[in-house]
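Note that chain A is present in both complexes that follow, paired respectively with chain B and with chain C.
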Partner chain A sequence: MDIFIQQVFNGLTIGSVYSLVALGLTLVYGILHIPNFAHGALYMLGAYITLTMMLLWGIHYWIAMAVSVLVVGLLGVLMDRLVFHPLRNAPPIHDKIAAIGILLFLEAFAQLIWGADYRTMETPYGQVVNLFGMTATTQRVLINIGAVVVMILLYLFLKKTYAGSTIIAMAQNREGASLVGINTSRVAMLTFMLSGGLAAVAASLSAPINLVFPGMGHLVILKAFVIIILGGMGSVPGAILGGYILGFTESLGATYISNDYKDIIAFLMLVIILSIKPKGLFSREGF
Partner chain B sequence: MLELTDVSIQYGSFTAVENINIHVGKGELVVLLGSNGAGKSSTFNTISGLQKPSAGTIVFEDRPIQGAGPDKIVRSGIVQCAEDRKLFPQMTVKENLVMGGYVHRRKRKQVNQSLQDVFELFPILQEKKDQPAGSLSGGQQQMLAIGRALMAQPKLLLLDEPSIGLAPLIVEQMFEVIQKINQDGTTVLLAEQNAFAALKIADRGYVFESGSVVVEGTAEELLANDTVRKAYIGA
Partner chain C sequence: MVSLLKNRGWIIGFIAAGVLFPFVLPNAYFLHILTLAFIWMIAVYGLNLLAGYTGYLSLAHAGFFAVGAYGLGLLTVKTGMNYWLALILACLITSAVGLVVGLVALRTREHFFAIYTLCVGYIIYLIIDKWDSLTGGVRGLIGIPEPSNIGPISFQTPISQYYLIFAFLLFTILVMYRIVHSLTGRTFIAIRNSEDLARTLGISTMKNKLMVFVLSAFFAGLAGALYASFIRFIGPDIGYITIIFDLLTYLLVGGIGTLAGPIVGTFLIVALSQSLQFLQDYRMLIFGPLLTLLIIFYPRGIAGAYHDWRLKRKSAQRTRPQKEQEYFETEESEKQVKEG
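And then the complex of A and B:
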């Protein structure tokens, strides 16, 4: 029983990170219908920027994270302006090729600057705490709390502010959004900003329990795609639920089936859920 | 107020609209008549900035607006209620209307006032304000589309076939509402296939045929015009 609770908590922790990454991916997909493969690179850069801030200038973890969110968010905007915006009238395959191009570029860039070594991120929250009969580091608890806080803030932003509603409006009807006077290019930039910021939060929160290296985004982005496909492409609740489902199955599967097959479970889930609900769990209903 | 001079619209090598001249005066209700594919919606989308004209000028309140982005055009006071309504289907009725007031988002009082005005004009929308727009019937969706357009407090309202696909009784109500909107001071440019009903409430009209204006005149002239009667009214 203790192991079970421990694994549920681990699943929650992994799921929080997956959900945050998937949210950024699903927002961009919902607005622009671009499967942004470069999102994994934004995640990786988010971790590196936080790490560099902390190592180089000794900046506190939270401030470093805030800087990272800002920088990666702006990088997202830059990506939109320089690459995706000029391609807006091109066939969809061009976006995909461009996204992969950005991914490769950013990874090579990270390798050039920081090298290919695996690095660890120190955290001021390394203490071990006891919670309901299980042990966890404060950092893991923070990941869970941080993710929920960010999700609530995102929800409030999307539902309660005009700026946030423009994202929802554009996802539901692009021309309709233009006809009420929304500047769709600006909404696209805002969405990329949010998307990059979410990736940076996810990476900075999870880096202390993982390792930081140029390829760290690969598996995460692959799984984020699984999540948004099974949650329904472009659906916000789908991304959150999908992230947690994946986190739980992975963590429980690793314990009760086999740790070696941990990563294949995500894809098994995809096959099972899509055979039952071919359009995904939410299929754009609940955006 | 609005002046289209020698406007042409092309999609690739296909010319949808060729050299049209349209004039709308302040306070008027002007109707564009014509069958499907005659170029009415292309004209509307070009005025709204969703489409760029390949030639010609569009002047609104003495300023050229051809080629400007749709958001700028809405801010200048031209709002289109599109043929396929272009609502936000998963947003509630109220959220759709509030989005309609996007250009006035910093004037919260004004948005609330417009909301009350729209609810007064279409009481059914108030009743259904918390339902998703996609769940409404066709007639209600059309009312919501018009309501959303009114939320922007347009100087010129473009209405693209508001009667399409609606039951005859609802169509009649719809035209009454359009007339009321016009009498309350909004200039209206209306595209319709239902020529008789439209001409009854209109001041003037233009008849489109395969991308050109073939007849124009006052509503009385058009109602009396033989070609118009034969082609569009069936009498």
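And then the complex of A and C:
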């Protein structure tokens, strides 16, 4: 029973990270209908920037994370302006290939600057705490709390602010949003900013319990794709729910089935889902 | 007819260049690189038929490449099977895997298809990586034999292997040429341009898409099997996503949906990578943006850009043409543009 509770907690932790990454991906998909393969590279850069800030200038963890969110967010905006905006009327295959090009570039870039080594990120939250009969580091608890806070903030932003409503409006109907006077290019930039920021938060939160290296985004982004297909492409609640489902399945699967094959579980899930429902579980567009 | 003759000129030139190369530049290193490039070209042709002519971007082809390579490797190393039998079987196994994957994957469209095949490719990689007892896991598979003799012809020397793989490449090009210029090829293009319209015209899209998918997996498998017997060592890395990105770069630089594209792109990028060897792992710093810029400005690559330029020049040269003739010629060039 102890193992079970421990694994549920682990699943919750992994799930929060997955959810945050998937949220960024689903927001961009909802607005622009681009499967942004470069999102994993943004995630990786987020971790590296936080790490560099902390090592180089000794900045506190939270401030470093804030800087990272800003930088990666702006990078997202730049990506939209330079690549996706000029391609907005191109066939969908072009967006995908362009995104792959960005991914390749950013990874090589990270390798050039930071090297290919695996690095660890030390945080001030390494202590072990006991919670309801299970042990965890403070960092793991922080991941859970941080993710929920970010999700609530995102929800409030989307539902309660004017800028947030423009994103929802554009996801519901692009032409309609244009007609009522929403500047769609600006909304697209805002969405990329949010998406990059979410990736940076997820990476900075999870980096202390994982390792930081140029290829760290590969598996995460693939799983995020699984999640948004699971939860419906473009759906915000779907991304959150899907993230936690995948987190639980993986951590329980690793314990009770096989640790070696735990990464396959996600992809098998996706293959099965798409085999039965070719358009995803909840094929509803928009939010 | 003129364009056919022109094509024929290109083709004869290419064959002559390929045959004469070892005599003009007897350099073992260049020969090795070029042979490898030929293997990649075969795989890129497979991808081109699917992504370029039918419009389905498959990211599982590195996986199919690995299936072909491991199929040949395992059959020859573990069961000691005759090389040629193993080669045929490896291609058939890959086609069978392609058939199974295609049956499900082709029900999805566009983004779903790309993501689905990406995941399938990753599953193949993970299985090869983790199934230690069969594939040797991360240690890889060593001691794959070179092609066995056919009668008096042996394939021990690098030059003979070069010609063997060149022959396979020519066979691939011939098959592609015949497919693209047949009714089947037109059907594929029709599916790419509008699947719903194609279905309205009475084309069984699923059957055609499946055929294209299996064919394209077959050539990826063939390339993989040739790779295994040429390098004689394979590791799980050949199924990793970076390989499919490499193949995509070759295809896009050369020109997606064109017959000359795979040759031009692969040759250029391989030659460029060799001369930029000091960059090693950082070559993506150049190729990544190159890929992105190409797709924005020249979505049909070098071959496509050249083709457009020739059409433009042709129409500019025509001085005061007969109306009727002009009509036919524009029709002809439009057809060429659509067919690539």
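Going forward, the second predicted complex is superposed on the first by the 273 of 287 C-alpha atoms of A that agree within 3 Å, B and C clash if a C-alpha of one lies under 4 Å from a C-alpha of the other, contacts with A are read in each partner's own complex, and residues count from 1 in each chain.
Basically, a residue touches a chain if its C-beta (ideal position, glycine included) is under 8 Å from a C-beta of that chain, and two chains touch if they have at least 3 such contacts.
Because the structure is a prediction, the values reported are computed rather than measured.
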Partners on chain A (chain B, chain C) - clash or fit: fit
Chain B versus chain C as contact partner of A:Val83, first or second or both or neither: second
Partner chain in contact with A:Thr120 - chain B first, chain C second, else both or neither: neither
Once both complexes are placed on the shared chain, angle at chain A toward chain B and chain C, C-alpha, multiple of 10 degrees: 90
Which of chain B and chain C A:Ile229 touches, first, second, both or neither: second
First, second, both or neither for A:Leu270, with chain B first and chain C second: second
Which superposed partner A:Phe105 touches (first chain B, second chain C, both, neither): second
Greater residue coverage of chain A in the superposed arrangement, chain B or chain C: C
Contacts of A:Thr135 with chain B and chain C, given as first, second, both or neither: neither
Smallest separation in angstrom, by C-alpha atoms, between chain B and chain C in the superposition: 14
Footprint overlap on chain A, comparing chain B with chain C: none
Residues of chain B that touch chain A when the two form their complex: 48-50, 69-71, 74-75, 79-80, 82, 85-91, 95, 98-100, 102-103, 105, 148-149, 151-152
Residues on chain C engaged by chain A in the complex (per definition of touch): 51, 55, 57, 104-105, 107-112, 114-116, 118-120, 122-123, 126-127, 130, 241, 245, 248, 252, 281-285, 287-292, 295-296, 299
Residues on chain A engaged by chain C in the complex (per definition of touch): 29, 33, 35, 83, 86-87, 90-94, 96-98, 100-109, 111-112, 116, 218, 222, 225-226, 229, 233, 260-261, 263-264, 267-268, 270-271, 274-275, 278-280
Touching residues (chain side chain A, partner chain B) in the complex: 162, 165-166, 168-169, 172-173, 175-184, 284-287
